[in-house]
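There are two complexes below, and they share chain A, which is joined by chain B in the first and by chain C in the second.
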Partner chain A sequence: MVFDIKGKFNSKLISSIGKPLERKEDERLLRGEGLFSDDFNLEGQYYVTFVRSPYPHAKIKNIDKSDAEKSPGVIAIFTGEDCLADNLHPIPHSPVPSTKYDLKLTDPEGKDIFIGPQLLLPVDKVRHVGEAVVMVIAKTNFEAQDAAEKVYVDYHELDWTADINSSLKEDSPKVWDEIKDNICVDTIFGNPEKVDKVFNSSKYLFSKEFHIGRVTGVPLEPRSALASYDSTSKRYLLYAGSNGAVRHKFQISKTLNIDPGSLRIICHDVGGNFGTKNRVYVEFPLVLWASKKTDNPIKYTATRSESFLSDVQGRDLLTKVELSMDEDYKFTAFRASNVSNVGARVISLSPLGKGIALVTGPYDIPLASARARAVFTNTVPTNAYRSSGRPEVTFAMERLIEIAAKSLGIDPIKLRRINLINKDDMPYRNALGVTYDSGKYEDNMNKALALSDLDNLSIRKEDASQRGKFLGFGFSNYVESSVGNPKESVELRVDADGFISLIVGTQPTGQGHETSFAQVAADLLGLAPEEIKVVFSDTDIVKKGGGSHSGRSMRHAGTVICLAAEDLIDRGKKLCSLLFDQNYQSISFAREGSFTWSDKKISWFELAEAIEGVELSGDLHTGLNIERENEMHEPVFPNGCAACEVEIDKETFVPKLTKYIAIDDVGRAINPLIVDGQTHGSIATGVGQALFETFYLDKASGQPLTGSLMDYGIPRADQLPSFVTELNEVLSPTNPLGIKSAGEGATTPALAAVINAVVNALEEFDIEHIDMPATSFNIWRSVNNKNKESKS
Partner chain B sequence: MRISLTINGNPVSEDVDNRTLLADFIRNTLGLTGTHVGCDTSQCGCCVVHLNGEAIKSCTMLAVAANNSEITTIEGLSNSEDLSAMQESFRRNHALQCGYCTPGVIMSAVDLLKNNPKPTEEEVRDALEGNLCRCTGYHNIIKAILDVSKAG
Partner chain C sequence: MYAFEYFAPKNLQEATKAFNSFNDSKWLAGGMTLIPSMKLRMNAPSALIDLSSIEQLKGISIKNNILSIGAMTIHADVANSLDVINSLPALASLASGIGDPQVRNRGTIGGSIANNDPAADYPSAILGLKSKIITSKKEIDAGNFFNGFFSTSLDTDELIVKINFQIPESAIYLKFANPVSRYAIVGIFLSKYHDEVRVAVTGAASCVFRVNELEEGLFHDFCSSVVDKTDYGITNLNDDIHANSEYRRYLIKVMIKKAISILQKK
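After this line comes the complex of A and B, so read on.
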């Protein structure tokens, strides 16, 4: 057993954990044999096309479907009124994070938050461009699309609001009549009075407002749903990809007003998520409902344009930050005022809440206060997007530090070093009351700087200049948090065929759970990872579980696997004791996965065979089959830093990332090969927002102008360098394996590091800040404005 | 219209609607679901297959235009129990995560090395400009392709 008597992890006894094993899931994916949602088809299935709102805000006056109903192949056309008539409920979104440690957000009166109910199809008005309004079902996809063109929706256009500042104004158009303005959350944390006092008497005070813009996840597999209803068994079946089919099952059942047991969801391979597929989309319950109504399977697959218009999106935070320092440049107080654009409905407050908890970042600041507000706008709702909320606040802090250092004429690295939380002060409680579990922040920074070759930076700058480029260096520290749904469950079952099934509630979307979970179970049960079969993907088999979000899966699954393995070994001993008439105490479990007593030895699989046909009673009745649940609220705080170089062409102002170094403390890395891969992708997510990505709405019409991959820039192979990544594993004391989280950390400092490099590259123009994305146009405009300023 | 072509070495003959895209024909009519569709605008490259030995985006071609052609999809890259060298290198280097873009990336990569067996890193990156990956940041994809090139 890899745990000693006191339950302490004995790393000398592990053989699979920590190894960069190749992934079990790869072979099928490499052969084109993955099972993604749209790969499923059912005999005679109908197809759905949705008529979507062309306006950001409009009353629905009338829907005329008479022409469309005559269109060839049309089976049925449904509207919001049909949903109401059948008593379908709004999607029960739960936007407020559920652990004991999350900061509690409230409405402006300190009460429960009005979230703006999401009916499956609206009946009163549309609240964002792309909102589904009418469902058209036909025999073929083409026929459904043709018929959708013939549905006439009579809209009365209303004034709209799309950005945070406009929604905050008193005379702003209101997205919801149910509340007095657009502000659905307003909560203050920390100690504003004390902060004011310190600010008033401080030697230095710096402040700056930043907008971290709207982006969208773009998992390459568009969402898809295939539903059927069996009138004999009265059961529903849904094939739909998500980050956790179990939660979807319960939420969709509530929407349809049915017993959760009557709904089966199958979710095998999922083509990326990044937060985009965390939530139930209206199309999922709608195809289920319509398949019962039409007594036929129904399929929906989103086009990329529909994904741009209706996938939940990310970021969109306006933040004003203020920082005071004493004469030794020691930070003395910090204040943040953050406003999140939640879109037309509150789907998730995780970005706002998680960000607020970490506004002081990895720095030792004795006092802080933060105001958290959220506003409705006529845009697609925002949700947690890779490293929800943390890149935003890291951007604000790390940009402010650079601005302050420049103004003080000191080295920004030195300013960081003076104020970083010392490893000896761990666990560290920040000024908003959040306790960081562990970490060696200055070591992270030293590692990155050692790889950065700063001694020769001026030579590289000179060399770049000769080549017609401005070269800049950028740096950012980070600390982020991994919380997420506190409950996870697992079932371990020893099968006589030579495998142990590990049935787990959480669902991967590319993170390699089949391999890393097997590595953990294998070490605990004394087997090889090949002998562990990880099972998820079917809610008739997997009954409970939290899903992949907030970097929670490895930590939660790892912990509950530890508990279940302990139970299973205990069960094995009891069964040996019963079957072979031995004293329980005389049986031991050996590392190589067998039970021994006197000169006898029996393996897991021999024991499974031995109990076949034996009637087991009482506590032993499930045989070698253990279910275990765990609830773990304590968060962990992955941390690290990034250093990078950007070259900007002097003629065209096109920026190019030329070097990127990431140091990450993920706690224990179960599979470093997978962790490195997560880090690479995570970097690209952050760099994408810094240099290329913005979900852009036309200021005059509220129409999205980035509705396809032709005009929304996700990073391409020729726009990124190879990365230098290193881990600085500091085990978390909060869970038995010491896991923090991988996959979101490296996104967190990337926005700030890249923009710091862009600003540094332009030092001769004395530009204080450049908004994201730092496209050639944005850079040129900043330089040009500066030139005009200096001439006037 | 009825079209006949060879796919992964097998002759097929099917009736198709004139407006059916080659990608949809491969997926829905022939049931070869390893070829994926990730966008509507020929940007993502999830649908790359080989047509008469050349990498093309199958979402940007009508099925009828592929009449009498020879097509290889990801399913036809290895006909044995062993993976092809490129597939194997992707596994070894962890060059895939969710696996959705992977078939298209691999078909492009095989085509690249056929035309340029010893590319530089920059040439590999340029050649993959038409294949989007949202998971890997391309780092391990580039490594996997260069590994095959070095071994070959």
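After this line comes the complex of A and C, so read on.
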């Protein structure tokens, strides 16, 4: 029914799948009826403020809370010692990606990685500016803040390290005394000896080092947590936004040493994530623990400043790439050495691991090797940030191709065309052993070029020059991967009131699941999307689920919905057979959502009514209610490209993105309107890093200099052009609906495409590379240095 | 935010009285700088004297070639005032480019110049035009008003009542905005009077300043080549993550030349 004979989704079922339906959730959200974490309040709740470290690295010698305890309204003040005394455990972060297909990272000896345990509050030393040290609970928020200022922490400042190069040095200050240096991961993939051999005899060899800098997610809604403990039922309740409350439930209960069943997490609407809300923060278990200790609900909401100081951050990769070619410009071998700045603790190695798997990108390179290292620094930990790891390696490859083409004097597009993986070679196993499921890479490029009007580029450059602007064209291909937590579950429940509830474990943080999941279920069950109610957000209802990350939700949910729908239809037939005394074989399920036999017909909802009050036994006892789980390890590889134009003012050197074209293969687009919106945001994320964003630490003090929106530049509408987006849907053979993923793809080539355009615009200055963000200041500096160079 | 007392007096006498009855009171104009800094607990006045109810401090008028703007006039009113648009369009344009619509509907000209943020727009108009600051105590000539980084010649209990601008033959304000905060990295206010040319620069140093050497040259020959020819040593420019002092020095030149060429075409 759902699947055809080849096990593929039966395309005859398609009705609302693929339609650009407006999002069900928008009206609620636009009317201000969203329910975000800070919207919840409990009567008599106390408030928490955290005393945070002002230093990048310091020993905690003493904490004097006696003055603070006398401050008006103070209820309790807790430190790391109190957490230890109550046997609270470190957060059980699982930084190594968990599917069978992820490349396995190890420590330098090939063993398990030392991750730097994250105690809820530190007892020995602080390891980054903004680390929470003391928890102050008071009756009001202001009283908590007043008291926090009276907590005296006696620090002994230590030497610190913030950037990759300094952390790699032998004499670098050490973030952790438990290991011999700051290098926590060092793993080599591929075949370094063979690559060396090819390099030594190659006609052409190009190499370059790039740093893809540190950025932060800046979700509109800062993280927030409201906790209470009910001493009668002995259950904990937490309101806290995340990308999936189920994983949070298990990790938080381990931290608190409690049975997961005794913790309920409610997470309704989430105002942005981008990776910042994927992980458990210390504040979540701390408010739960403290609410039990004080026998009162406790609330914490981060300020914008706290978000900047303590939200997990993104990127920060140093990469050296080398590429050899033969006389026909065919790529022969590739080597990458990547070092990820994981910050003070390893909470995710997804950026490093995912990037390493894709260092050869969409190009057919027979040989490759890659060294993956991670270093500790005295900075906020990094985590998967929109398109974890992939924009970094795409940047390195696509910049290197431009540099090589320029040096060879050939068209960079031609160089790409010679080396792109051919669609007939799909599935394609790359030189590091990663198999790309499907894709038509050259078609993507052709689509983008057709929209780019390159024939008239020189005329546009001339015209821009007349207007006082340098115009540059930039391009980048990409292939990325979508893996993520392999397990997902769903429950389908037919309610007599005319709805089917779809209870799903993955949590939207703005992706429109209520609409797109309903579209899938509606087609499978012969209903309209309005008749499907998507339920998530409460761990007492949603027991399993992997969360939204790594572009996994639509694919995993879509697949498990297919399986559950088939089960539900089967259950419906069995119930009809029982209730109406018919042979199972004689009952068929019709596309308009009803069961038929002879001249009889009954809808889902009539059937639900009919079984009300009927005693059902054995396999049928759950009636029209089906739970289904699925485990799916195989990754998919969304792909595409971006082409753009940038104009740079000849006098001030202010860059402006004037044109942006994105071609994306997301597999089957369940809702192209949602995909388009995701693509827009995804482009802005990438362009933001290319032109505006960097989390800047003062070189002398290690203090963040971009701690507010006055200094940290997220892109604004007036800084972006109207995007041209098109899909090139190539169905993935790995799952029934043929889904790859959307939402991260368009970020992936954006950094490279924009910087390629900036460098192209400055061709008359013969500048090889501009570091991100390409602000007018950075561009001016490069041009100025070049001018000085040529004068001397 | 720390706890504080709040007053909203109706006239200057009441205001001064309330102000002086506390040790560490502060005037509240639009609050566009003060309130955020209080929220960050970087500022802790014992009392706020809100000036928004004092009608005497608001309004725009023109008389004898003098444009008068009350201290509590919000940026949006200056930007949209036909009197300003017709007599001193550069000032209307400056006001229309401050912050965002929310800021322009709360922030005031008096608050801006009393705060003397080195990256604010208005101080450049005060210095770049012949203007007088009329206070609750005296009249201060523009040249004697700004004293340095966030500092003015106002006494702590002294209030700006209005600002009088002598209307020039022509003027222009050009801002090179910080792409993040939209404050001026370099802002140029250039004006031409029958007997004088003025060039004031904001955003570039610890305090707004005039480029006297250049003014002299431009008065004799109003043309952008004068900028290249004149030796107007500017030192002590700001150096931060958005622009170093060298880039600012470069931008000052670029923006002044641009301003001259636009005024020439008018």
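The rule we apply is simple: the second predicted complex is superposed on the first by the 784 of 792 C-alpha atoms of A that agree within 3 Å, B and C clash if a C-alpha of one lies under 4 Å from a C-alpha of the other, contacts with A are read in each partner's own complex, and residues count from 1 in each chain.
The rule we apply is simple: a residue touches a chain if its C-beta (ideal position, glycine included) is under 8 Å from a C-beta of that chain, and two chains touch if they have at least 3 such contacts.
If you're wondering where the values come from, they're calculated on a predicted model, not measured in any experiment.
**Q** So, does A:E193 touch the first partner chain B, the second partner chain C, both, or neither?
**A** neither
**Q** In the overlay, answer first, second, both or neither for which of chain B and chain C A:F142 touches.
**A** both
**Q** Touch test for A:S305: chain B only (first), chain C only (second), both, or neither?
**A** both
**Q** In the overlaid three-chain picture, which partner chain does A:E651 touch, first (chain B) or second (chain C), both, or neither?
**A** Second partner only, chain C.
**Q** Given the touch rule stated above, what does A:N41 touch, chain B (first), chain C (second), both, or neither?
**A** A:N41 contacts chain B only, not chain C.
**Q** Who contacts more of chain A, chain B or chain C?
**A** It is B that touches the greater number of chain A residues.
**Q** Just to be sure I read the superposition right, which of the two partners does A:F692 touch: chain B = first, chain C = second, or both, or neither?
**A** A:F692 contacts chain C only, not chain B.
**Q** Quick check on the superposed pair: does A:R781 touch chain B, chain C, both, or neither? Answer first, second, both or neither.
**A** second
**Q** If we overlay the two complexes on their shared chain A, which of chain B and chain C does A:T706 touch? Say first, second, both or neither.
**A** In the superposed model, A:T706 contacts chain C only, not chain B.
**Q** Can you give me the overlap between the chain B contact set and the chain C contact set on chain A?
**A** Chain A residues touching both partners: 142, 305, 709-710.
**Q** For a test of understanding, state which residues of chain B touch chain A in their complex under the given definition.
**A** 17, 19, 27-28, 32-41, 43-44, 46, 73-75, 77-78, 83, 87, 90-92, 94, 96-103, 106, 121-122, 124-126, 128-129, 131-143
**Q** Give the list of chain C residues in touch with chain A in this complex.
**A** 1-3, 40-41, 176, 179-181, 183, 240-244, 246-247, 250-251, 254-255, 258
**Q** Would you tell me which residues of chain A are touching chain C in their complex?
**A** 142, 145-146, 149, 305, 651-652, 654, 692, 696, 705-706, 709-713, 719, 775-777, 780-781, 784
**Q** Would you tell me which residues of chain A are touching chain B in their complex?
**A** 22-23, 25-27, 29-34, 36, 38-39, 41, 142, 217-222, 269-274, 303-305, 509-512, 673-674, 676-678, 680-685, 708-710, 714-718, 720, 722-723
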